[in-house]
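Each in structure tokens, the structures are laid out below.
Two complexes, one shared chain (chain A), two partners (chain B, chain C).
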Partner chain A sequence: MEQILANGVYLGSQYAMIALGLTLIFALMNVLNFAHGQMYVIGGFVTYTVYGQLGLPFVVALVMSCVTLAILGALIEKFLFAPVIKGSAREESTMLLAAGIAFFLDALILIIFGEKQRGVPKIVNGVFNYDFRLIMPYDRILICGLAILSIVAFIGLMQYTKTGRALRALAQDRTAAQLMGVNVDRYSMIGFALGAMLAGLVGGLLVTITGVNLGMGGPTSIKAFMMVMIGGAGVISGAIWGGIILGFMEAIGLAVLSQYGDITYLLIFISLMIFLAIRPQGLMGKPWG
Partner chain B sequence: MGFSSKQMMGLGVFLFAIFVGVPLLIGATGRWDFYFTLTSVALLAIASAGVWLTFYIGRINIGQGAFALIGAYVSAILVVKAGWSFWLSLPAAGLFAALVAVLIGLPILRLRGVYFAMITLVLTQVVTLTALALPITNGAKGISNIPLPSGLSLFGIPLIPDFGSMENTKLAFYLTACILMVVTYAALYRLVNSRLGHLCRSMQQNEELASSIGVNIAYIRIVIFAISSFFGGLGGAMFGSIAQSVYPSSFQVADSVNFMLNCFLGGLGYVFGPMLGTLVLYFGWDLLFEFGKYQMLIYSTLLILIIRFLPNGLLSIRFSKGDKS
Partner chain C sequence: MQRRTLMKAALTAVTLTALGTSAAVAENPVLKIGFVGVTSGPAAAWGISNQRSMETRAAWINETGGVTIGDTTYDIEIVSFDDQKDPKRAIAGMEKMAQEGIHYVVGPNVDDGAAAVRPVAEANGIMYFPYAFPKSLYEPPASNAVLGMVANYQSGPAIYKYLMDEKGVKSVAFIAANESDPLSQRDGGVAAAEALGLDVVSANVTYQVDTTDFTPVLTPVMRTRPDLLVLSGVSPANAPQLIRSARELGFEGIISTETAQDAGVLAEGAGDLANGFISVGGASTPELASPMMNEFVQRYTDMFGEYNDESNTKVYALEYILETLKADPAAISDVDAFKTTMDSFEAPNPYMNGDAKLRYVGMSSFGQKRQVAVPLVVNVYKDGAFETLFVAEVD
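Right after this comes the complex of A and B.
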């Protein structure tokens, strides 16, 4: 039981970070970022290159992942999303753009990094063992701690800085924020970059444990969508809850249902559909966001 | 519902092109592989028509892959395990998909916007996983060796020849798929220009307002979703028959997303948008095959450029003067 709980916390903290980036982008620009999983994979590959190939310290690699993705996100927002949102008759056209970008990043990853599964050397050795009831490698504990730390840092940023306040205002009401003198274009870009950066950061953290490969992008996006739906689209606390809930469901499902084969996800999906039928806006979302 | 002579001409040219022009052209150039590509385009266009219809009531549907997979499995199981004729199993597959759509639609059609989009995306995943888990679908092995469609005769008059005894099944499948596609789009056009179509447009703009003046929105959205899924099931069943096999991976999330992209690319305001979108997306992908590993890169770059400069779809070039149909 302790093991399941520990796995849940570990999975949940990472999932929450992925969902945070997605929900931030959604809240700011009403864009469903299909390319989120691919951004996560790019983050993983950057860390793999800097830490695994070039042999630089892990922290440098993480920073590189964040910077790369932040720049990428900013460019995508400035040159693709912003003009398309201005020019299209229906907001949903951005979904086509997002899917196109997902395909594009997939192709880019394939050409630059290849299709092989890549891993990096462990950052910390050893396994934490509590009476054989709770077994957890130290690197997982470290990654989990770092993930929780980044979530706290992100919440701090959103709550107590000027940028965060501007972003929250933008998410609440775009027009009102503009009337109050918020530079909407600039903060949309910053928000998108921040969301992409979070994806890159998780990618960089997780590459030390699960490795990274090209095929991880799509499934990660779907998981992120699910977490956002559980918590409510565009709500920060909702994304964190969604991540934690999905993490725990997965940990418990894999432990309890393992003898029935691979039905954990089927059950998670079905319960999600029932949940959404009863509460369409998720746990803490605004109705009809 | 009168047609102008220009519209009739366009229709005539289009029908002539797909039923006479394309076979002649392929016969002349010897590119027989295009038959398979174009057949796929026709079938995917049928499924995309369904997605377009859900767009018409203002819902983003990323779940058509689920209904295509359901249709493919229903048809395959009826033909292989129950020994039905394929031509009977085809409408059965569509109807079953529509039935599932009604059952699932009752709760989930209450959702809107991205919530509906995301739950339909999840639905695709659910159906794939269900196909893996159920015994009747044979799990990951899928159903292979589906016999080719047999002949169909009514009162002794042969209506459809036996595909198994045919030398050139590619042409036969192409023509079948095209007929299905034409019928689908004719039905779609009729629907959009009917009373129901007007009601749909009112829902697309504002559901509360439509409801307040007495439109039964709950009923209409179920009907539309069922018709949409019927098209999905039809396309999927035909696809399974051509490939002669169905696997849980036959229609995945990526396919669902593609169906949606077809509609966006063609333009959401135009009935024939999804057809054009499917043609451009699928055919374009096929033509870029020569570029090898750069195929995906070029394809996605073109896709991004199209949406960047024509955010309202390809057909918006023609109707840019505000002449929305």
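Right after this comes the complex of A and C.
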């Protein structure tokens, strides 16, 4: 039981972080960013290059991942999403654009970083072992702690800073926010950059544990969408709950159902379908959007 | 640094390819050889190592004047198609090869893709060299597929027997991705282990192919405390993470797989925790690699920035095709002639030291010669490189 709880907390914290950026972008711009997983992968590769290849401190690599993805996100918003949103009222235009960006980034990752799985040296050695009832490598404990801290910092930013208030206003009602003097274009770009930065941050954190390869983007996006749907699209707290719920479902399923083959995700998907049939807006979402 | 090196390599490769193509047009007629396999997504490393091996060898041949088959000297052109590990795409790829008049294709990389392309290959007179293990592809009445590597039901028993005799292994646990290839390899491994008298303590645990953290997945397997943990059909992307998680969970036994791996990937992903990991390789360990193999590795590295150890097994398919065509030039456009030649074909293996031969095998497994005689080299990983554990032959 201790192991299941620990695995649940660990998986939940990293999943919540992955979902946060995705839901932020959706809340601000009503864009389903299918390239979120690829942004996560780029964050991992930047940390791999700076920390694993160049040998610079891990913190520097994390900052580089965040900065790179923030710049990339800002550029993508300014030169791709913003013009499309202004020029087309159809939501599928931004969906197609996001899918196109995902394919483009996949190709770019292959050209720049190659096809191989990459990994970096452990940031902390050793394993916490409580009588073989609870085993958790120290690096996972550290990453879990950093993920929780990042989530708390993000919530703080959204709640207590001018930028956070502007972003929340934008998410609640774009027109009203504009009437109140919020520079919509500027804060849309900042919000998208922040969402992409979160993807880069979690990619940089997790590369120390999971490594990174070019194929991780698509599945990561799918998992992030699941968490967002569970918690409620566009709701920050929903993404966190979605991540925690998915993490615990996975940890419990893998421990209890392991002898029945890989049915954990089968049951998770069935549960998700039933849940969405009953509550399509997710846990924290509003029925009107 | 990595990025710069790769960019330089990519530019060099493009330049070389462009120069090579123009030279080919100017000097020799072109012999097209196809590749249909996965070069994108999580399993991209499998197909890309195939494609790059073929491109490296083709560039090398073209640079040195081409390959003479009968009275004609050809330059080699590799026509590639990414099937994205999707059987429908694999069929489209094989149809493209047929439209281009190609009779010899390397790939696909996985079971369902290899099975899907069979009707297209047979209808269009294409011999193909899959890296897929289902026996039905190679047993009569099938006759156009040639297994391009050693199958797990051939290497698995040899590895288990060695470990039983040399390391006193008595119990084994299997773990596989929830996909057709790894699951069928797991089932074959379980049957082989049971036939040898090993105690199979866990065989049902599987994982999603997109799993990135294996600690929760492996926890129940570790509780069974096996002597040997077999990673059935594990992809190079997953192997380091599985090894690392197993070791961190306190597993002290032996870990093995029947797929080819890359030492650099293991070093980065698992470090010293991968020491002792057993996998199937080709011919690049220092004691086995011939000067030609070493030159191949160097040329591959020059062309693409870094070598992939998986190419130790994938260097062979193109060589087999060309050498067999040399043995019977009529086979260039007549695959029936190729099939006839396969029965008696034999040529020196240029990639291995000693008197190893290129020849077709498979009588024991398939009832006909539909497998290339890649040496069964079982490697053990140690401190960033592979060492040869033992070498065997497949009939």
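Operating definition for what follows: the second predicted complex is superposed on the first by the 287 of 289 C-alpha atoms of A that agree within 3 Å, B and C clash if a C-alpha of one lies under 4 Å from a C-alpha of the other, contacts with A are read in each partner's own complex, and residues count from 1 in each chain.
Convention: a residue touches a chain if its C-beta (ideal position, glycine included) is under 8 Å from a C-beta of that chain, and two chains touch if they have at least 3 such contacts.
What you see is a predicted model; the values in this text were computed from it and never measured.
K.L.:
Check the residue A:Arg133 against both partner chains and state whether it touches chain B (first), chain C (second), both, or neither.
P.N.:
neither
K.L.:
Which partner does A:Arg279 contact after superposing on A: first (chain B), second (chain C), both, neither?
P.N.:
neither
K.L.:
Counting only touches as set out at the top, which of chain B and chain C does A:Ala233 meet: first, second, both, neither?
P.N.:
It touches chain B, and chain C stays clear.
K.L.:
Return first, second, both or neither, reflecting whether A:Phe104 touches chain B, chain C, both chains, or no partner chain.
P.N.:
first
K.L.:
Answer with first, second, both or neither: which of chain B and chain C does A:Ile112 touch in the superposed model?
P.N.:
Touch status of A:Ile112: second partner only.
K.L.:
Which partner chains sit in contact with A:Val84 here, chain B, chain C, both or neither? Use first/second/both/neither.
P.N.:
A:Val84 sits against chain B, while chain C stays out of touch.
K.L.:
Looking at A:Arg186 after the superposition, I want to know if it touches chain B, chain C, both of them or none. Which is it: first, second, both, neither?
P.N.:
Neither partner.
K.L.:
Determine, under the contact definition given at the top, whether A:Gly218 touches first (chain B), second (chain C), both, or neither.
P.N.:
A:Gly218 contacts both chain B and chain C.
K.L.:
Thinking of the overlay built on chain A, is A:Ile270 touched by chain B (first), by chain C (second), by both, or by neither?
P.N.:
Only chain B; A:Ile270 stays clear of chain C.
K.L.:
Considering only the contact definition stated at the top, list the common interface residues of chain A for chain B and chain C.
P.N.:
106, 110-111, 218, 261-262, 265
K.L.:
Under the touch definition given earlier, write down the residues of chain A that touch chain C in their complex.
P.N.:
It comes out as residues 3, 7, 10-11, 49, 52-54, 106, 110-122, 127, 129, 132, 135-137, 140, 206, 209-211, 213-216, 218-220, 223, 250-251, 254-255, 258-262, 265.
K.L.:
Flag every residue of chain A that touches chain B in the complex, lowest number first.
P.N.:
26, 30, 32, 34, 80, 83-84, 87-90, 92-93, 95-97, 99-101, 103-104, 106-108, 110-111, 218, 222, 225-226, 228-229, 233, 261-263, 265-266, 269-270, 272-274, 276-277, 280-282, 288-289
K.L.:
Could you pull out which chain C residues touch chain A in their complex?
P.N.:
1-3, 6-7, 10, 39-45, 48-49, 178, 204-210, 212-213, 215-217, 219-221, 236-238, 240-241, 248-250, 262, 264-265, 268-271, 305-306, 308
K.L.:
Going by the contact rule at the top, pick out the chain B residues touching chain A in the complex.
P.N.:
Within the complex, chain B contacts chain A at residues 55, 60, 104, 107-108, 110-115, 117-119, 121-123, 125-126, 129-130, 132-133, 253-254, 257, 260-261, 264-265, 268-269, 293-294, 296-297, 299-301, 303-304, 307-308, 311-312.
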